[in-house]
Structure formats: C-alpha cells, structure tokens
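We just call them A, B, C and D in the order they show up, numbering each chain from 1.
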Amino acid sequence: MSVQELEKIFQDKVDQEIKIEPKDWMPDAYRKTLVRQISQHAHSEIVGMLPEGNWISRAPSLKRKAILLAKVQDEAGHGLYLYSAVETLGTTRNQTIEDLHSGKAKYSSIFNYPTLTWADIGAIGWLVDGAAILNQVMLCRASYGPYARAMVRICKEESFHQRQGFEILLVLSKGTPEQQAMCQDAINRWWWPSLMMFGPKDSESTHSDQSMTWKIKRKSNDELRQQFVDMIVEQAKILNVTLPDPALQWNAERGHYDFGEIDWVEFWNVVKGNGPCNKQRLEARRKAWDEGAWVRDAAAAHAEKRKARQEVKAA
Amino acid sequence: MSVQELEKIFQDKVDQEIKIEPKDWMPDAYRKTLVRQISQHAHSEIVGMLPEGNWISRAPSLKRKAILLAKVQDEAGHGLYLYSAVETLGTTRNQTIEDLHSGKAKYSSIFNYPTLTWADIGAIGWLVDGAAILNQVMLCRASYGPYARAMVRICKEESFHQRQGFEILLVLSKGTPEQQAMCQDAINRWWWPSLMMFGPKDSESTHSDQSMTWKIKRKSNDELRQQFVDMIVEQAKILNVTLPDPALQWNAERGHYDFGEIDWVEFWNVVKGNGPCNKQRLEARRKAWDEGAWVRDAAAAHAEKRKARQEVKAA
Amino acid sequence: MQQPVNFSTDQLVNYILNLADNTLILSQRNSEWCGHGPVLEQDIAITNISLDLIGQARSLYQYAASLQGGGTTEDALAYLRGEREFKNCLITELPNGDWGQTILRQLFFSVFQQLLYAQLLQSKDATLAAIAEKSLKEVTYHVRWSSEWVIRLGDGTEESHQRMEKALETLWSYTGEFFIPADYETAAVAESIGVDVTALQQPWLEKVQEVLQEATLPVKEDAKAWMHTGGKSGRHTEHLGFILAEMQYMQRAYPGAEW
Amino acid sequence: MQQPVNFSTDQLVNYILNLADNTLILSQRNSEWCGHGPVLEQDIAITNISLDLIGQARSLYQYAASLQGGGTTEDALAYLRGEREFKNCLITELPNGDWGQTILRQLFFSVFQQLLYAQLLQSKDATLAAIAEKSLKEVTYHVRWSSEWVIRLGDGTEESHQRMEKALETLWSYTGEFFIPADYETAAVAESIGVDVTALQQPWLEKVQEVLQEATLPVKEDAKAWMHTGGKSGRHTEHLGFILAEMQYMQRAYPGAEW
C-alpha cells in the first residue's frame, strides 16, 4: 500500500472514532506529535510533584498530610501511565526522561511557580487541577488508544484531587481572618498562571489545526479557557473569594464570563525558562535521577545475576 | 652538652618557673606530651563549636543568637591560638587536623553529647565552660611559654562565656514552668558528663606524674573535680536547681562537698567512640575539611600566581 | 471510656505514644523521598509506606487522645509536644542517607514491627489488638519490599554493595533500642497489654541475618554490642528538633486553627 | 515619638523592615557556615559578617518597633511575622551553595549595601542616618573581604574558576531586585528619607564588574536582563518558609516567654 492509501485508512479510522492502536500504521508526524504531547504531559505530572511535595513535611494536620502524600503519589502514578503510553509509540522511558533533563522536552509552566503557603496546596488542587481536568476530559476521547485509556484513569483521580483542593480552601475560607487572607492570597497568585495553562490564544497556537484533524485535540485553547473561567467563577462564590481580575463579568449575550487579558509577556518568559522556579525544578529532577543511578544500575546488575543463577540451576 | 646536662638545665628552668620557649632545648617526651595535649585542646575547641552551633539557627531571640554566634566564633579563635602553639613545637596545623580526622588525636568527650534544647546552651556555658576554665586557669602557668600565653587569652573569654551560660539558665529559672523544667532537665543531662571532663581518677590517670614534674599540669584530676563541684553547688543555689546526685552533701570535716561515683563505664564507652554523637561530630569535621579542599587549593594557587606576577613586575 | 486496665492511664498512653511516634517520625523521614526517588515505581513504593505509617500513627494517636481526654486530639499529640516528649526510637529520626540506608532502616524497622504487631494481636487491649491486625498486613508488605531491595543492592554492583555495607555500619548500633524495654513497656507487659520486646530480639536477628546473608552483606552477630538508646524516654539525637521545627510549624504559628 | 515625617508610618516601617529583613536573613544563611567553613580563619570571617548583619538587623528592628508601638519588639518583628510579610530580597534567602556561591552573594549584597548606606547618611531620618553610619564601616570590610575571595577563587584553580562561573550563573538573575523600588521605597525617596535604589545600579555594576574582571570571570553586562523579583513585596522563593520554620520555632512554641 502506498503512504497515501495508508494515510487515508488512518484518517478514516480517526474520523469514525475508531482508536488507533500501537501496532496500527500511523503517520510519522502523528507519532511525533503524540510523543511530544504525551511526554510533556508525563513530565508535568512528575515535575508537578515538586511544588506540592514542598508542603508534605509541613502539612498542618495529620489528615492533610496523608491526603497530600496520597495526592502526590497519584501524580507519580499518572506519570507512570503516561510514560508507558509514550513507550507504546517506540520511545523508551529513559529517552523521554533524558529529554526532560536536557531541556529538550517541556512540562507545564504552571509548576515553575512556588508554593508559598499552605493555601497554595488548596489553590493548586482547585485551580491547577481544575484547569488540567478540562484538558484531560477532552483527551479521554483522543484518537490514540493507549493515551485515551490512560486519560480515563487519570481523570477519575484528578477530579478527586480538585475536590480535595477546593475543600482545603473551603476550610480556610471559614477559618480565622489569617486563614481567610491566606486563601485569598493564594488565589490571587494562582489565578492568572492557571489561565495560562491553556496555552497561547488560538490565533497564536501553532499545533492546533492538525491536532484537531487527528482528534488528539477536540477543543481549542480559548474554548477550554472560557469553560474554565465559567466553572471557577461559580465555585469562587461558594468560597467567598474574589478572582483578581477587574474585567471579569457576566456577558449575557455570549452566555459566558468576559475576562481580562493574560500577561503574555510573563507567559512567554516563564516558558522560556525565566519563571520563579524553572531552574530549581529541573535541578531537583536531575539530582534525583543522577543520585538514583547507582540504584538503577544495582537493580539491573542483580536481575542479571539472578537470571544467570537460574540458568545454571536449570541446566 | 650531653642530653643529661640539657635535661638538667631544662628541669631547673621549669623548677624556677622560667618559661620554656620554642627555640629552647626540650626533652622529646615533653614535646610529644605538649603536642598531644595542646592539639587535643585545640580539637576540643573546634569540635566544641558543633553542639552549640546546632542552636544558632534556632536561638530564641536576636540577642541570644548574636551572643551565641559570638561565642562559637570565640571558640574558633581559641582553636587558632592553640593550633599556632602546636606549630611552635614543629607540627603543622594540617598534620594536627589530619590526626583528628583519622581518629588518632582525641578531643574532649563532652562534645559527643547532643544539645537537645535551648537550655543545653546555658548548661554548656555554665557547666562545661565552667569545668574547662578550672583546667585552663591552671594551664595559664604551664611551663611552655606559647601554651601558657594562649591560655591567658583563652581564659579571659572563657569566663565571660561561663557567665553568659549561667545567665541563660538564670532567665530560664525565673521563666515559665516549661522553661524551668527545660533548665533542670539540661542540668540533669550535663552534670555527670561535666564531672567526667576532668578525666579518670588520679589513681587511674596515666600521664599525670610526669606532667606535674614538667609543670604542664599543676593540679590532679581529682583536685580539679572537687574544686568544680564546690563551685557549682554554690552557683546552683542561685539558679534554684538541683544537681542529679543524691550523694551530694557538704562534708564539714573535709571542707568540701562529697559527691557520688561517676559512671566510669559510660566514661570509657564515650572515649572509645560510642558516645551519642562521636560519629556525627567527626563526620561533620571531615565533611567541612573535604568540601573546603578546593577553596584552600584555590587560595594557594592564587597566591602563587600573584607572587609570580609580582616577580615579573619587579624584574 | 475504653481504658480497660488498672495500670495507670499515663503508662498506657506512653506505651501507645511510643508506637505512634515511631510510625509518624519514620513516615516523615520516608516522605522526604516523595518526588525525589531513584525510580518512579520506588518513589511510589516509599511514599506508600509513608502513607501506611502515617495511617497507623493516626489510629494510635486517636486512641491515645481518647484515653487522655480533656479535648486532646491526634494533631495535638503530633504537633504540640516538644522533642523531650517524643518517644520514638532514635533510628526512625536519623537522616535518610542514600536510598540504601533508607531501605535498610526500613527493613530493620519493619521486621521489628512485624514481630511486635504479631504479638500485639494477643493484647488484652482490644483497640491495640485491632490496630495491630489492620497494620500487620501493611507491615508484611514493607518487610517483603525492603528485604527485596536490600538483597538487590547488597548483591548488585560493587558500588551498591559498598554503600550497603556503609549503611549497615551506620545503622546497626541503633537497632538495639527496639529490644530494651522502657518502663511503660515493662508495665504494659505486666498487664498483658504490651509486648515483651526483649523476646523479639532473637527472631528479629534471625530474620535480618537471613536477608543480610542473601544480600551477601556481613551478617551481624553482635546484637548485644553497644547500642544507642534514649529515644523511648525522650532523649533524642540532634536531628529530631529539626524534624519537629518543620513538621509542627503551622500548628505552632496558627494556634487553635482548624485545617 | 521619633517619627519625623508626614508620610505614613506604615510605609516607613516597611522601608525599615526591608533593610532589616535583608540583613537578618542573610545573617541566618551565613551563620550556617559557623563550624563548617573551609578554613578556620574564614569560618571566623563569615561568622563575623553574620554577627555584623544581625547587629544591623537588631538596630533596624528596634527602630521599626519603636515606630510601630503597641508593645512590638525586635523579636516580635523577627520571629512572629509570616513568610508573606518578610521583605528581604530573594538573593538573601537562597541556599548557600558552596563557599564560592556564598561569597559571591556576599559581594553582590555588600556592594549594594555600601552604596545604599552611603546615601542613607543623607537621610532626613536621623535614626536611619545613624544606623547607616555605624554599619558603613562594617560593610566596607565585607566588600573588601568578599572581593578578595571572589578574585582568589575566580583566579585560582581551574575547579575554583568553574565553580565561580556556576555561582555567577546561579546568582546573577537575583541581583536586579536590589534596584527595582518597592512602593515603600519610592515613598521614602519622595520624603528624602529613603535612597533611590535605581540610581545605585550603575555604580553597583561598575564595582562588581571591576571585581569580576580581576577575578577573570565573565563580566556581566546585562544588568537589565530578566531578573527575579518579588521578595521586597513578600513574594518569596520556596526556601524562605523553611528558614522561618527553623528560626522562629522557639518563639512560636513558647509564646510570650522571655529568653
């Protein structure tokens, strides 16, 4: 079959909502796009462990500590699913991780902001996980089977995390004046970075059209962002907090909330590596990896030895 | 001159209280004993920085933090004087330090006990520095000039430290019930180790007789220990604390306080390396030294370069 | 209340606090690995152990709080006691060291816990027996996991073997404390509530030796050698103060707040 | 009271707190070296700088406390404010790194402080002018000491040169914050009390470049490049929270006690 024919079959499947599976033929560009996107997502889970992990030792109650530990652990699990999905596309986990450490691969810029107070743990759950979910729900229907299935599992846990984050803030919002201030302050700092999570405006987004055709993406950045704003504004009322955007108001005509302009200079600055924690995050990951090398080597060497001994026994 | 004649001249000087100076002839054994004793004292100053240094970051007020910093810094200064005194005997500072790190040289066992609460900083000043001073006052009249002169400088600062330690405890003893308990608890833990600082009983002490003859030592371990007990018991009354020894009581006949038997098993155990912090202390010193190697190398290399450049200029 | 015995509540509370503090402090230490493990799967595994331990700690603190009464809570016990009141064994508060040291400590601790909880099933105190039963399943997994890793690293590369020997050297003198009963342990044994820890030493040594042997590591015979002690009666290393300063900061800085 | 001006006391207090927090936090960081320095003489030197800085901090907090009134003390300001209330520049709270990074930071900070205090001598606020005068002698020594060490390490061995380059890479983007005025700084300038930090950037750059050049280190020209900010208005790095947890523990755990 010619490439054109293969491409036609492939696109027909996609159009008919038949999942593409690892052994199916797929265009190189589709494969590359998926590897880039899924590994970026995997890295975001792993790097995303760090800002929240920053508060494990200081969580203000035993219950909160246990919940936070479990949450960060879930993120590691999500990373695992996603690295596995990347492996089905022929790229090893080690390769994927090396690309992160070399700076070749990206992760979500949101994790380059610091967690300064306990309320940030709530804000991350509510806003950051909230934003992530909208993207992930969409991806549960992605055309690539292993990716879509990983997303289904992730989505379940993620919406649980969002509720937990909201609940942290709810307790603070009903707490002492200091706690209320802490809650509002965290929301003030995390609101705009959360909006940035949906990426550049549609008019500036480079990969979007092709991804739509391939059904790796089903909604545009701006659509998802609008959906997020509409959802959060309602939830903010329950928390009795304000969102730091004077332009935010209901637009009856559109049936959506209008909102102000994102600081795109900051957005690109953080993407380029100048966020408050870019260096710190990448260094933490590299350090864990480098200092773990002897452990991985030893495990491999032991497995070899064991195998050799079993062969001797069997012989 | 024969060795016998030289030894006679040497001992006459000692007997007449004329200081022995670096360029004077001295018996090898005298030199060795001094090197051992002074370097052990120097190491005690340096290792002694660690238990107190442990509380610098957590000192409970700015004033206390400043006082503690200054005190630990003084100890570093004492170390310097003493390493210099050792150098006058022909042993370099590096050699002396290497002997510490290899475990060949000892330091005072007291610093192998941990500082668990802020009150320990007071107890160290009061009891540990208090015990050290009695020894040091005696050493101000040591026969070896550089040692005696170093001791004069050290003694002045040390008695200042003891007063500061006492004052820390005095504030605690007048403080909240929690602070009073903290004060008493620290004294309970530091009392016996402080008594151990004077070394084995005279009947078991190996180096004492010769050191007395050489006037490196002028009072026996037991004499100094008795002096210490008599002094501290009186001061304890002002602090309104008890000393953890049921056998402690005034003996009118002797004109001294009687006191109970030291736990010599513990004493030798800690000397042998099994104290709570022996490993930790030595590792901290080794780490500082090893991680500082590049700095010392660079400073030496720079000094060389600079010298070479000046020679070029001069030429 | 649930207090079923006629020895002092204080002693029972102390007995429980020792069990609880052990698990909380080790959980706190293990959780430092979260996000920094050598392999993703093991990052998850050590965090899981950390979670199990904090779960045990919570059950125990809740029980101790109910015995103590007066409005005490699990959080008050964990966050508002000072370092001289903590009763954990010293080994749990030692710095993690490298991955090898962390898992060797886990082996030592988990084997001890497994033997302890197995006996605690027989406790006259039904609550403690129930906590032991629930925890025993978790601990059995901890023993298996840490054994496997000690073997893997001991019998891995030259480097990993050396690191494990060093870890063994560092940790061994902290293992004796498990088996030296504190006064509250002796009292609890007399009441058939607590476990006689002295009787656990031999089976502990056998299990540990078995693992060390398979790991090609030097088998320690000197369980009676000089050992660090003090933690059970609140005389700790210099490390615990720093753990508490960090762990308790929020509760100390915002007294009375709910989270 | 000593309040000599008609702009808000709050702004003046904030202005002073920024100066005080800078010195306290850097003092706290430097003091981590005490007992762990690479050479005994330098252990003493860095501790001495730490002592000078805490002395400055105390004078400044005492003044701020007197302005604020209501029984506030130097210790309340240092030990009972939360991390979002601290106003130190981010560079002071960064981990020490190696000895090279510590002394390079000291150079950057001390050159800034020297320029700042020299101007502060002219302040209409007599107390601030007096503190500046007293501190200026100390800072002059800090500049000399850190310059010498930067030169020594930059122009030392290959290894030390590389380490200094790395330190420069790590720290440079934290130097811009000195020169971006916070609102309280702008207000203090308008009242002839504070120093116009924007005017210090050029002389700072010249002095620093001179030292870097002699140290054979890459001379940074891009003082206008992207820079980390936030500390002056209480938006810190993740490091500050840990510094405070440790530093403030005693005051938090024993509220109201005297020491």
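Please note the rule applied: a residue touches a chain if its C-beta (ideal position, glycine included) is under 8 Å from a C-beta of that chain, and two chains touch if they have at least 3 such contacts.
Chain by chain, the UniProt names read as follows: A, B = 1,2-phenylacetyl-CoA epoxidase subunit A; C, D = Phenylacetate-CoA oxygenase subunit PaaI.
The shown structure was predicted, so the numbers you read here are calculated from the model rather than taken from an experiment.
K.L.:
Note the shortest touch-path length, in steps, from chain B to chain D.
P.N.:
The fewest steps needed to get from chain B to chain D is 1.
K.L.:
For the interfaces A-D and A-C, which has the higher count of C-beta pairs in contact?
P.N.:
Higher contact count goes to A-C.
K.L.:
Could you work out which chain's C-alpha centre is the most distant one from the centre of chain D?
P.N.:
Max centre-to-centre separation from chain D belongs to C.
K.L.:
Averaging only over C-alpha atoms, locate the centres of chain B and chain C and give their separation in whole Å.
P.N.:
37
K.L.:
Could you please state the distance in Å, as a whole number, between where the Cα atoms of chain A are centred and where those of chain B are centred?
P.N.:
That gives a centre separation of 58 Å.
K.L.:
Among all residues of chain D, which ones touch two or more of the remaining chains?
P.N.:
Residues 82, 245-246, 249.
K.L.:
Do you know which chain B residues sit against two or more other chains?
P.N.:
Each of 58 in chain B touches at least two other chains.
K.L.:
Given which chains touch which, is the overall layout a line, a ring, a star, complete, or other?
P.N.:
other
K.L.:
Which pairs of chains touch each other in this structure?
P.N.:
Going through each pair of chains, those in contact are A-C, A-D, B-C, B-D, C-D.
K.L.:
Using the touch definition from the top, list the residues of chain C that touch chain D in their complex.
P.N.:
82, 242, 244-246, 248-249, 252-253, 255
K.L.:
For a test of understanding, state which residues of chain D touch chain A in their complex under the given definition.
P.N.:
82-84, 170, 173, 226, 228, 230, 235-238, 241, 245
K.L.:
Where on chain A does chain D make contact in their complex?
P.N.:
51, 54, 58, 114-117, 185, 189, 269, 274, 276-277, 279-280
K.L.:
Quick one: which bits of chain A touch chain C in the complex? Just the residue numbers, please.
P.N.:
The contact residues of chain A facing chain C are 46, 49-50, 53, 56-66, 69-70, 72-73, 76-77, 79-80, 83, 118, 168, 171-172, 175-176, 178-179, 284, 287-289, 291-299, 301-302, 305.
K.L.:
Would you pull the chain C residues touching chain A in the complex into a rising list?
P.N.:
Of all residues in chain C, those touching chain A are 24, 28, 31-32, 34-44, 47-48, 50-51, 54-55, 57-58, 61, 74-75, 78-79, 98-100, 151-153, 155-157, 159-160, 163, 246-247, 249-251, 254, 257-259.
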